[in-house]
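Look for chain A in each of the two complexes below; its partner is chain B in the first and chain C in the second.
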Partner chain A sequence: MNFRTESSKNATIIFVQEERLDAHNSEHLKTEMNRIFESGRHDLIIDLKDVRFIDSSGLGVLVSGFKNASTRQGTLKLSGLQTQVRSMFELTRLHRVFEIFPSVDDAIESC
Partner chain B sequence: MKKIIQLQIRVPSQTRYLSLVGKIGESVARDICRINDDRDIFANNLNAVLTEAMVNTIKHANSDDPTKDIKIRISISNKELLIRIYDSGQGFDLKKVSDPSYNSDLLAESGRGIFIIKSLMDTVIYKKTACGNVLEMKKALE
Partner chain C sequence: MLEQLNNQLYDDLSHTELLFSVFYARYNNRTRSLTYANAGHNLPIVFRTNTHNHIELDAEGLIIGVMPSITFEERSIELSTGDVIIFYTDGFSESTNSKGILFGKERILSILRSNYNTTAEAIIDQCYMSVEKFSESSLLQDDISIIIMKIY
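Up next, the complex of A and B:
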């Protein structure tokens, strides 16, 4: 899976650079999130601007990260959801769970 | 005149083929199906249905055995889209579906696949065949 990780003052940002986040590649994102949590950084932003398709495995990995962050008194926020990706969050009611921002800059400002 | 188009796909039971099959589903939605709904939404939905059905077959029906195959048959008529996914494995229970609208299931890390399929298609049936099982999913196009 292609992604880029950057650190801002208050959060670590993972830019997912894939067209799909699905059962084939989502475990790589989980591994990267766990690596960041283990390093002591507990506030994450996942930018999904490049992702135009997400399946239940991708959603499950984001839920896993959300729970992991919450357990450590941290946060996991999402940014840049394309219309079809957002519709999957709404179908599964996960838009009620995550803080979702139009852009990564908006997500950083909220931290 | 009643016209039926049929596509048959056979791929190894591996997640690396999800993207390929999903894109075929999008092309079917955009180029073949007659629908009144937004084609981009329908294309994404068909991608999702095929992806979820394949993952379910890979993980549960075929028990993550990459040497097995998955056979997919898509039939499109003026009135209906029918997708059949065949497996030769142990099968799975379609009734074991979580409902994400319940708060107790909202933070589950798995179990949304069949819920997504059932939400996006009109009827979903899983049944035994002479040489395995078939997941049959229908969507009215009128």
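Up next, the complex of A and C:
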């Protein structure tokens, strides 16, 4: 899976550089999130600006990351949701569970 | 029902890091009332034969496995003779063709508009033929489940 990880002052950002976040690649995102949590960083932002499609595996991985962050007293926020991805979050009502920001800069500012 | 399902399965689902969606409905044949609740599932479509309008069935809730305790909303709708209801999974609407375009809700509606007069079985056959033709392959990316309910 293509992604880029950056650290800002208050959070670690994973830029998902794929058009799809689904059963084929969601495990890689999970591995990267876990790596960041285990390194002691607990505040994560996942930027989905490039993602055009997400399925239940993708959602599952984000939910699992969200729960892991919470158990560590950290946060997992999302940014850059595109149309179909946004629809999936609304259908599953997950848009009420996650803090979602229009852009990664907005998410960073909130930390 | 959905609340109990979520409560009972939450720990297991957290452990396996899985989620799942459910749409639960009960039909009363005498009153023709369909009562339903939704946990993050694709919205079933009710196609009204007399007006050719359609409604998507939604109710407040959350996909199962995210939070330990959820309150689900229960709603109901009156059905009439000739109404066709399609319940389906995301593998159907999210089938893609070689250009990456999704099959989508509009194509599903189009099938209902053209086939509402036929039997439920014939409508399902048409759904599968359409998606196979659209995806230009007999190999689907995700499983598809469809239920057609027709009111006589």
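Definition applied: the second predicted complex is superposed on the first by the 111 of 111 C-alpha atoms of A that agree within 3 Å, B and C clash if a C-alpha of one lies under 4 Å from a C-alpha of the other, contacts with A are read in each partner's own complex, and residues count from 1 in each chain.
The definition used in the following text is that a contact is a pair of C-beta atoms (placed from the backbone, for glycine too) under 8 Å apart; a residue touches a chain by one contact, two chains touch by 3 or more.
Nothing here was measured: the structure is a model prediction, and the numbers come from that model.
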Superposition on chain A - do chain B and chain C clash or fit: clash
Residues of chain A touched, compared between chain B and chain C (which is higher): B
Chain B versus chain C as contact partner of A:55, first or second or both or neither: both
Partner chain(s) touched by A:87 [first = chain B, second = chain C, both, neither]: first
Set intersection of chain A contacts, chain C complex versus chain B complex: 53, 55-56, 59-61, 63-64, 67, 84, 91-94, 96-97
Sites on chain A touched by chain B in the complex: 19-20, 22-24, 53, 55-57, 59-61, 63-64, 66-67, 83-84, 87-88, 91-94, 96-97
Chain B to chain A touching residues, read off their complex: 15-16, 18-19, 22, 40-41, 44, 47-48, 51-52, 55, 58-59, 100-101, 106-113, 115-116, 119-120
Residues of chain A defined as touching chain C within the complex: 30, 53, 55-56, 59-61, 63-64, 67, 84, 91-94, 96-97
Residues on chain C engaged by chain A in the complex (per definition of touch): 14, 17-21, 40-43, 60-63, 65-67, 90, 94, 102, 142
